[in-house]
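Pasting the structures in now, so scroll down.
Shared between the two complexes below is chain A, which pairs with chain B and chain C, respectively.
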Partner chain A sequence: MGHKRTLLLRLFTMLGAVLLCYAAEVFVCLFGNAYQERLVALAGLYVTLSVSLNMINGITGQFSIGHAAFYQIGAYTVGYLSLLAPVSMGYNSISWLAMMMLVAAITAGFAGFIVGLPSLRLKGDYLAIVTLGFGEIVRILVQNMDVVGGSYGMNVNPKIQHLSIIWLLAIICIGVFRNILKTGKGLVFTAVRDDEIASASVGIPVTKVKVTAFVMGSAFAGAAGALFAHYEGFITPGAFTMDLSFMILTMVMVGGSGSITGSVVAAISLFYLPEWLRDQPNITAASFLSAIFASGVFIFTLSKAMDRYYQNTFQKISAISFAVCASVGFKYLSTFFLELVPQLRDMEFEGNQLRMVIFAAILVVLMLIRPQGLLSNFELSWKGIQKLISKTLHAVRRGV
Partner chain B sequence: MNNSLLKVEKTSIHFGGIKAVQDVSFDIKEKELFGLIGPNGAGKTTCFNMITGFYKPTHGRVSFNGIDISEKSMSDIVEMGIARTFQNIRLFSKMTVLENVMAAAIIRKPIHLLDAMLYSLRAIEQTEELKSRAIDWLKVVGLENKRHSISSSLPYGEQRRLEIARAMATNPKLLLLDEPAAGMNPTESKILEEVIRRLKNDFNTTILLIEHDMKFVMNLCENIVVLDSGKKLAEGMPEEIKKNPKVVEAYLGVPQK
Partner chain C sequence: MELSVLPQQIVNGILIGAVYSLIALGYNMVYGVLRLINFAHGEVFMLGAYGALFTSWYLGFSPEDVYANPNMQGEWWHLAIMLLTAMVVCTFVGITIEFFAYRPLRKQPKIACLITAIGVSLFLQFGGALVLPNTPPPSICEQVNPFQGSFKLSLLSYNYAEKEKLAAELNRADDAFQQQFELEKKEHRVTNPFALSLKGEVLRKNKQEMERRYQSFVISEDLRTYTICLPKGQLVMLVTLGILLMILNFIVNRTSIGRGMRAVAEDASTASLMGINVNRIIVITFAIGSALAGAGGMMSATFTGSPLTTFYGLQPGLKAFVAAVLGGIGSISGAVLGGFTMGISETLIVWLGYSSYKDAIAFMLLILILLVKPNGLLGSKRVEKV
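Moving on to the complex of A and B:
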């Protein structure tokens, strides 16, 4: 019943995805400058990284904090191969990229297997320690390998800059994990996250499931690394520090571990946020301080209001608006009073320096008011959208 | 019908200095309803943990269908046909009732990872089949109407029945129930009794259960083993156990006149 239709629909979806990515590339290249182009490319890589980490941390409930290591392994695998096979052996750029992605995915996946097999057997936080250590070991090892340029880095030839391939990888990554979760197979992973002992009691091979998730996640990170290496044409160990691992981890947490949609949203917005904040005007110490006070007021009033009015969406929205009004009001009030102090009024912070402070503050506020992440475990789906539309239509009709 | 399904032979389990189980042996025959009773800390749950492979016996061996399972992993033992419930309920608390049972049924109807990744037609069909199997089990325990509720939101008695459905979804030959009636009101435990009888009669399941509710055990079980401080105190039919002076002294207490 409708099998042909399903297959046809799927074919169209895939074609659509390819076309969309290509159109996006053409659009960005026509209307954007090199800087914007690079941002779009990196955002795509971050989406792949955070979604693949979410498979390990969010969906299977492990705690890996060295995801950059697999990204680096992918990148350097490709870098090393480009030394062996200069000018891509006559292949055209897209098939070469596809091959490199595959090789990088296999290498990183294998590394994931080697690291995961012993450490995933252990309970709790051991995995965190092992992956953190592994990330540093890989980076320092590469730093001391002269074949790949040591800490100076290396050129990766040829430089292939296809935005569409980068985003296609992100879409494939999202698609693969969404597919798994849509079938009964996905329950095996969420069961392990919920309760390992109960999982074992119904015959789920817990270690195997964890290792599988870990290998899949590492493999996608490796493929992303391959694209990164070819996109930049130059890689150094400095691009794969612990900071990157923590950034990816933050994306997963902020998006809501367990929600793939959340990882995508958080990856894009957290990646762009520091860029948007780049052109900040200089601000005075007074308004900076008052902004800090105001965010305190915001958190306080919101949590108080939410305690009392949590019944329905309308009440929630009113609670949030109340908190916003209260904090904005407080901001102006405190700015006014603080500016009475001449030192605070005259001292200025440079906007660009404040950018990371603001970024961090936003993260802190987010985690305080929504510890389960932006989307907690919500997933965007056609069915959900259809339901929403029909609900709205229903409401509108009843209103009329 | 008279061949033994589970054979526990002279098993002991030591936790450092604590001897939780000492030299315990019993034999469960196919299609039997077998009771394991005894005071708190007697080692009943530890016996379950040993049979299901969570602990390895320090001495002795456990065999199932004639095969030694004392060194096998938990998932292998489930695969062979032993399932259990827990004294302190362990559901997949964030999943729905249906998903809980589906996650267990999957070991009898594995979906290939590659099929799942591609969302192939086969994976879709297998998922549907998994769903219908799970619903069948939910019907047996009377929870099919609650299939979309989150499992932790169910009342206590229903959570216990859901745990039984989940265990049954692995198609066990032997089902271990750890205090299934604990905390239930009389109506709930009546329903449970019916469910357990059905599992035995309609699905040919052999059942080993731990229970403190003596009426429940005496009603249901055909054979009983009594443990006390890790040692086997007595074994026999409910009538014999009730009269056994050692059991009365250690556990049941003097019957009221």
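Moving on to the complex of A and C:
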């Protein structure tokens, strides 16, 4: 009985996910412009990328910083296939896309297997270097391949822009990794992360586990690459540089390595942050500098005020509000004084120029005040939500 | 793939390798004491180059000054001041980065440090682009460099007589043309050397022919005699590298600070039990490594004259990083060896005709070395502790 119920529940969840994605696509197409639609699509791709990198980095503890390579392999596999079959051979767009995703996932998974093999010998930093090098090698090789357009890039036909498929892939990715981690077979991944030698001593095939993680993570990145190629309709090697790898890695680390929820949240927010900064009006050098000083003051006050672990909630809230007030006050004060200097008053920065600076600064600051990531080990789950609701209800009832 | 340019290419590789080894030394020293790949090291190199640029401007070699007086010539002490300023600037930058970005994370897992390093690197690149001059990219004026020109070494005997003869012919043709040009300038007010009379046109063609013959003779003779061209500036660079390496060797092997460094690299916690101030040693290591990167930045910017942007350190930083791993990360002589290996193999790849694969092959070499000998060429083997 219970088994049947779980099956039914799963079926409904899957159906619900499909419907939700479709509804999201319809909603975005109805109420948003092309730019917003593209942002939503790319955010979905970033979610897939960061969750799949989290499988390698956070959950299995293998340090890979070349994730863009697998993304690129997926995209270029699809690009090459579209050259061979330019009319998509009479398939309708969704089944063609699914086929392409599968092929890209297999190719990228194979590449992941090849990169995963050195992890038998290499650990930590050295593995990081090898994956970084692999990413560069793939990019430069593609740049020199005339079949796929070299550094000019190539067109991918047909251009299939299904927002819902992109988000469905993200949801499948989340679901697969989450469910694997709940089974006994999935526990070995965290075991290898926590202590390799100890897990080898209890009979866990460490090598196999590591390579499996690499293959799974890179396969999903490859599938995302296939969707990216079809969504954009045009790919260049310049879209898959080391910066992209660093960005994905940052999403994983900011969200908290090992937390899939964290990866999703960080991927979406870090993807939207630069786009939001792009829209901001120009600011003067004086106010930018004072903002930097003020955030320094904020961190300093907060860390000094929060250092005492015997505080109760009220004291914590007052400490935070004190820090906020102090930093805001400092910001206005320092802006006033800095604007007395004519060079600082007249120098203006565009939001577009500042976005990478602020991105980098947030990265550094977040790592300094919370190195384990925003949601270090927290996972969102149905049970957790249920507990939270019942707890709140209980509290409300008691209060009444 | 001309065999006769091979010696020249190897020399070029050594000269490039000098810069790589200066940067790689910083990577290796920091990795030795902290077990941290300092991704911001390439940006320290970039700031060193900018420091040298501003110093050269301050010394009177800004573009306006040189435009006003194109015949001005630098002295060797101009270069020395630029080198020192670049090193001092980079020392401060390195210490600041260490204090604000790495020290608070000393007790945290290494990956957090690495992310911070990436963040610092991005911050310096893009934040630097806001304040440092980079459009159009400035470059250090070559007038500041007194070591212009180059030495030529030939393996086979050089046919100087033929060269002199051709040069004399070229001179004669040039004189004749100039005379005719002056004449027509005076008589017909012609200012364009391409709009002369028929006689002038013949003389101009003759001069061009002589010039072509002279140049092609020089090139073919260079190829025949395996001539190597040694730019004087880059020789100075090699000598400076040698001096800096000697100083570094003295510090590491002969002073108490160096002993402390070696002890911290061996085992930081035991070293601190033996009364070594680990934090102080780490700061000094950062300072020395960054100063070396600054020297590399100054020399690279001065002697190659390449335009500076805030992304100047990206490629050399990566290559030097590969060089550091190649030589054995954590080993000082390994960094130098790796740097030269990297430089030479890079030019050899270009010599073979695969210049577009230059970066890829650097990384392939790296992966191969890591798979065969994971600790690099000269790295010491580490036993993993449970």
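The working rule: the second predicted complex is superposed on the first by the 380 of 400 C-alpha atoms of A that agree within 3 Å, B and C clash if a C-alpha of one lies under 4 Å from a C-alpha of the other, contacts with A are read in each partner's own complex, and residues count from 1 in each chain.
Everything that follows uses one rule, which is that contacts are C-beta pairs under 8 Å (C-beta built on N, C-alpha and C of every residue); 3 or more make two chains touch, one makes a residue touch a chain.
Remember, predicted model here, so these are calculated numbers, not experimental data.
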- [ ] May I ask you to decide whether A:Thr212 touches chain B, chain C, both, or neither, giving the answer as first, second, both or neither?
- [x] first
TODO: For A:Leu122, decide between first (touching chain B), second (touching chain C), both and neither.
DONE: second
- [ ] Tell me which partner A:Ile197 touches in the superposition: chain B (first), chain C (second), both or neither.
- [x] both
- [ ] Give one of first, second, both or neither to describe whether A:Phe246 is in contact with chain B, with chain C, with both, or with none.
- [x] second
Open item on the list: In the overlaid three-chain picture, which partner chain does A:Leu273 touch, first (chain B) or second (chain C), both, or neither?
Closed with: neither
TODO: Based on the superposed arrangement, let me know which partner A:Leu20 touches: chain B (first), chain C (second), both, or neither?
DONE: neither
Open item on the list: Once chain A of both complexes is superposed, is A:Leu83 in touch with chain B (first), chain C (second), both, or neither?
Closed with: neither
TODO: Mind telling me which of the two, chain B or chain C, contacts the most residues of chain A?
DONE: C
- [ ] Determine, under the contact definition given at the top, whether A:Phe63 touches first (chain B), second (chain C), both, or neither.
- [x] second
Open item on the list: In the overlaid three-chain picture, which partner chain does A:Ile283 touch, first (chain B) or second (chain C), both, or neither?
Closed with: neither
TODO: Touching chain B in one complex and chain C in the other: list those residues of chain A.
DONE: 197
TODO: Flag every residue of chain B that touches chain A in the complex, lowest number first.
DONE: 52, 54, 73-75, 78-79, 83-84, 86, 90-95, 99, 102-104, 106-107, 109, 111, 113, 115-119, 121, 123-124, 126-127, 130-131, 166-167, 169-170
Task: Footprint of chain C on chain A - complex, ascending - done: 57, 63, 118, 121-126, 128-130, 132-134, 136-137, 140-141, 143-144, 197, 246, 249-250, 253, 257, 349, 353-354, 356-357, 359-361, 363-364, 367-368, 371-372
Task: Complex interface listing, chain C residues touching chain A - done: 31, 35, 37, 101, 104-105, 108-112, 114-116, 118-123, 125-127, 129-130, 318, 321-322, 325, 329, 356-357, 359-360, 363-364, 366-367, 370-371, 374, 384, 386
Task: Of all residues in chain A, those that touch chain B in their complex - done: 3, 6-7, 10, 176, 179-180, 182-188, 190-191, 194-195, 197-206, 212
